[in-house]
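The structures considered in this document are given below.
One chain, chain A, links the two complexes that follow: it is found with chain B in the first and with chain C in the second.
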Partner chain A sequence: MKRLLFVALATFITVCPTHRAMAWGNTGHAVIAYYAEQLLDEDVKQKCHHYLHSTLAFQASWMDQYRSIEPFTECDKWHSTNIDANYKVVVGRHDTAAFQIERIRKEMADYNSMPDSLVKLNLRYLIHMIGDAHCPVHVRWSRKEHPEFHYSLLNKGKKYSYHGFWDSSLQRWRTKWTAERYVEEIGFLSKGKAKKITKGTAYDWTQETADVARTKCFPLIPAGTEVSTLPQDKRYKMHYIAEQQVQRAAYRLAAVLTEIFKE
Partner chain B sequence: MKRVILFIAVVLVGTGVASAWSRVYDKAVLEVAYQSMDEKTQQLVVKYVGEDYTKPAGHLAWHRKNGRMLETAGWHTLHLDANLQPAAKDENDALVQTEKALQIIRNRKSYDNEEVAMAIRIVMNLVIDMHNLSNVKIEGIELSGTDFKVGTSKGTSGGRTAKITPYSWKSLWTSRYNTYHGAYSPQMYAEDIKIMFGNKREEFSRGSLNDWVHDIGLYTKQAYDVLEQNNRQFLHKTIQEHEEFHMSCLARASYRLAALLNETLK
Partner chain C sequence: MKKIFLALALICGVYTAQAWNWVYDQAALLLAYENMTPAAQTELKKYLGEDYSKQVQTFQKARKAGNLLESAEWEQISLDMDLKPVVADDKNAIAQLEMAVEVVKNRATKSNEEVALAMHKLIELTIAMHNVGNISLEEFPYSKEDFEFQQSAGGYGKKEKFRTRKWKHFWSYGFSVFHSVWSADMHVRELKVCRGRNKEQYMAGSIRDWATDMGKVVKPLYEWAGPDCYLSRLAHSQYEELYLDGVARASYRIAALFNEATK
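Take a look at the complex of A and B:
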C-alpha cells in the first residue's frame, strides 16, 4: 500500500506543474523584454506599443501576476516545459511553454484578423514565455526519472530552494541594477551570431536550456551548496550562465516579434 | 474556515506622516514633466535646479531626514471637503504650500535664486504628492488618508483559498506596483507613461490647480468606493486591475506639473 501511495505521489508530482515558480523573477523578465525592445526595428516596436499600450518591459511579468486570476488561470501551467527520461524536450504537450509559444507564433501570423485584445494577450504570453523557456529551472525534470535533479541548497545554514536560487540568479548580488545597466553589461551580438541563435523553434530553445541546466547549472551548484558564501568564481559562472540565457531569450523574443509584425 | 480567512477584517492602524511616492516614480514624473515643458521653461528649470532636473525628487523628505525643514512634514497631505473642494484648516496642506511656492516663482525677480529654486522644488514635490491618492484626505470618508491597512493577497491557482496579508493603503499606492517591475528605472516608467497617456496630455493639463485638485478627489473617492464594495479589501485581482489607473495618476502629475511650470515661469 505504501509503495502504491509513493508511486501515486511521484506520478502526481511528475504531472503536476510548478505552480508558484516565477522564472527569472520580475527583474529578469523586465530585462529580457527591455533588451528585446532595443533589438526591434522602429516599425515593429511601434506595433508592439500600439497593441500593448505600453513597452514590452511593462508587460513582462503580467503572466505571473494574472496566473491566479480568472479567466487566465489556464496559463498557470504554461511557464515551463517537460523533459523526458532521455533528457529530450517533450513535444506536443499542451500544458507547456514550448507548445504554447509555437501555437501563438502560428496564430499570430494572422494577427490582422484578430481583435486587438487577443493580439495584446498573445504578446503578453510570448514576452513572458520566451523568457521562461530560457530559465534553467523552468524545464520540468520528472522526479521519478531524474531524482538527481531534485535537491535543495542552503542559505545561511537553512534549507533553500534550488529553483528559487536560479530564478533570481541574474539579480543576485546586484539588487540596484536597472534593466539599462544589465543590457549594457551583457552587450550585443554581431549580426551573424544573432541570426544563428534566433533560428529554430521554442522546442529547440527549450532543449538548449535543458542541456544548460543539466551540464552547467547542476554541476556548478550541487546539492547542499551554501549559497550565502558562494565563491567568487562560482558567482561569476552563475551570472555568466544567467546573462547568456537572458541574451538568447531577448534575441529570440525580438526575432519572433519581428517575424509577426515586419511588413 | 477558508471563508473566515478570506474575509479577515481590515486592520486599522495609525501610521505617521504621509510622504511621497517611491523615488523611482517621483523621478519618472519629473522626467515626463521636463520633456513636456516648453524649451524656455526647460532652460529655467535647469538654471534653478540644475542639469539633473530629476534630483528634486524627494527633496523635502531628504531635508527632513537630515533634521532640516521639519515644518514640511505635514505639507504632503491634500485636504478636501465632502464636495471634493479644497478644505485646508491650516498651512499643513499640499495645495496651500503649492500656491505659496507658485507665488514666489511668479514674483521671482523679488527673490534670490536659491529661494526661487526651493520654490520650484517644493512645487515639484507637492504636485507629485497630491496625485498620490494615499495623501488625500476627504472629509466625511472614514477611510480617508493613510491611517489604515488593506488586505492584499498573492492569490493562488486552481481555486484554492487566497492568503490575505495586511498591507497599508499608503504602501499600496506608493510602492506596491513597483514590485511588479523589477529593474525598472525612472526613464523606463517615463516611457510607459508617455505611451499609455501621451494622447491625454491636453486633457489632463486642462484647467486650473483647483480643477485638478477636484479631479484628484474624484479618483481618490472612486478608489475608496472600490475598497468599500470589496469588504474593505483590495485583493490581488483588484490591485492588478488598478495598475493602469495608478499609472494615470503619474501621468496626470507629470503633465500638470509641466503646465504649471510653463505658466509660472513664462
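Take a look at the complex of A and C:
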C-alpha cells in the first residue's frame, strides 16, 4: 500500500507542474506586446485595435488573469510546451502553447467569417502565448526524464524558485523602467534579420527557447545560486538572454498578426 | 496640541480623498491637452508653465505639506436618491469646479495665482469627481466610508486567498499594479483606442450632468459592494473597465472645461 501511495505521489509530482507559471509577468508581456505594436503597419494595427477595443499591451496579461475563471480554465495549460527525453519539442499535444498558437494561426486565416468576440479571444491568446513560448522557463521538462533541470536558487539565504527568477529576469534590478525604455534599450532589427527570425512555426520557436534554456540559462544560473549577489557579468548575460527572447517574441507576434490581417 | 490636530488633518486628508496613481493623472491631463482648443492650450501653458503635464496631484502634495487641507473636501461629490448632485455649500468638487470656471473666464481681472489655482481645480477636481472612491450616494451611506473588503490575492479555486483592502485606496491605486511598466503616453494611447469613440458624448453636458452620469456608473457597483464583500479576480478585471472609463471621461471633460472657460 505504501509503495502504491509512493508511486501515485511520484506520478502526481511528475505530471503536475509544481509552480503556477506566470511567464514574464505583467511587465514582460506588456513590453513584448508594446514592442510588437511598434512593428506593425498602420492598417494591421488598426485591425487589431478594432477587434480588441484596446492596444495590444493592455491585453497582454489577460490570459494570466482569466486562467482560473470559467469558461477559460481550459487554457490554463496553454502557457508552456513539453520537451521530450531527447530535448525535442513535443508536437501535437493539445495542452501546449505551441499547438494552440499554430491552431489559432490556421483558424484566423478565415477571421472574416468569425464572430468579432472569437477574433478578440484568439488575439488575446496569441499575444500572450507567443510571449510565453519565448520564456526560458515555459518549456516543460519532465522531472523523470530531466531531473537535472529541477532545482531551486537562493535569495538572501532563503530558498527561491528558479522559475520565478527567470519569469522576472527582464525587469530584475530595473525599477521604474517603462515599456518604451525597454524597447529603446533592446533596439530594432534590420529588415533582413527580422525576416529571418520570423520564419517557422511556434514549434520551431519553442525548440529554440528550449535550446536557450538548456544551453544558456541553466549553465548561467546553476542550482543553489545566491541571486541577491549575482555578479555583474552574470546579470548582464541574464538580461541579454531575456531581451533577446523578448525581441524574438515581439517580431514573431508582429509577423503572425501581419500574416492574419495584412490585405 | 496644534501639531496633533495638524497630523490628524493630514492623515484624514490622505485617506479621505485621493487621486489615481500619478501616471494615470498625468495621462488624463495629456489627453485633455490634445483635445483643447489652441486658445485653451495657450492659456494652460501661460498659467501652469510648459511642464504643465507634471503638475498633477498638487493638492495632495500640498496637504502632505500641511497646506490647503480643505482641498480634501473639494474632491468629494455626493448624490441624492435621484442621483442629483448635492451642492449645499462649496465643500465639494461641483461647487469648486463651477467657481473655478468663472475665475478662468474672468481671468483678466484676477491675479495669476488665482487663475493658476482655478486651473489646478479644473484639472484635479475633474479627475477626483471621476474616481469611484470620491463619490458618495445617499442611498448607500457606507459609500462615504473607506470601508474594508476582501480582495482576491492569488491562489485558485478552494485555495484562493483573500486580503483585506480599503475601498477608496483600491479605487485610487488598485489597477496600476497591472501596469507598472506603462508610461503616461502609453495610457494616453490606450484611452484613445478604447474610449476615443465616446469623446463627444463625454464632453457634452454640464458639471452637474457629469456628476449624475458618474452616479449611474457607480450605483450598480454599490448595489453589490459594501463592507466585507469579496472581490473576485474576475470582478477586479471587470472593474478595470470602469476605472479606465473614469479616466477617459475625466480627460475629455477637463478639455471641455478649459475650452469653455477660455472661449
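The definition used in the following text is that the second predicted complex is superposed on the first by the 247 of 263 C-alpha atoms of A that agree within 3 Å, B and C clash if a C-alpha of one lies under 4 Å from a C-alpha of the other, contacts with A are read in each partner's own complex, and residues count from 1 in each chain.
Note that a contact is a pair of C-beta atoms (placed from the backbone, for glycine too) under 8 Å apart; a residue touches a chain by one contact, two chains touch by 3 or more.
Treat the numbers as computed from the prediction; the structure is a model and nothing was measured.
**Student:** Should the superposition on chain A be reported as showing a clash between chain B and chain C, or a fit?
**Tutor:** After superposition on chain A, which the two structures share, chain B runs into chain C.
**Student:** Using the touch definition from the top, say if A:I69 reaches chain B (first), chain C (second), both or neither.
**Tutor:** both
**Student:** A:T55 in the overlay: touching chain B, chain C, both, or neither? Say first, second, both or neither.
**Tutor:** both
**Student:** With the two structures laid over each other on chain A, which partner does A:T215 touch: chain B (first), chain C (second), both, or neither?
**Tutor:** Once the two structures are laid over each other on A, A:T215 reaches no partner at all.
**Student:** Tell me which of chain B and chain C touches more residues of chain A.
**Tutor:** B
**Student:** Check chain A for residues that touch chain B in one structure and chain C in the other, and list them.
**Tutor:** Residues 20, 26-27, 30-31, 34, 49, 53-55, 57-58, 61, 65-66, 68-69, 171, 177-180, 182, which sit in both footprints.
**Student:** So in the complex, the part of chain C that touches chain A is made up of which residues?
**Tutor:** So the residues of chain C in touch with chain A come to 156-157, 160, 177-183, 185-186, 189-190, 193-194, 233-234, 237.
**Student:** For the complex, give me every residue of chain B touching chain A.
**Tutor:** Interface residues on chain B, with respect to chain A: 154-158, 162, 179-185, 187-188, 191-192, 195-196, 236-237, 240.
**Student:** In the complex, go through chain A and note every residue touching chain C.
**Tutor:** 20, 26-27, 30-31, 34, 49, 53-55, 57-58, 61-62, 65-66, 68-69, 171, 177-180, 182
**Student:** Would you tell me which residues of chain A are touching chain B in their complex?
**Tutor:** Interface residues on chain A, with respect to chain B: 19-20, 25-31, 34, 49, 53-55, 57-58, 60-61, 65-69, 73, 76, 171, 177-182.
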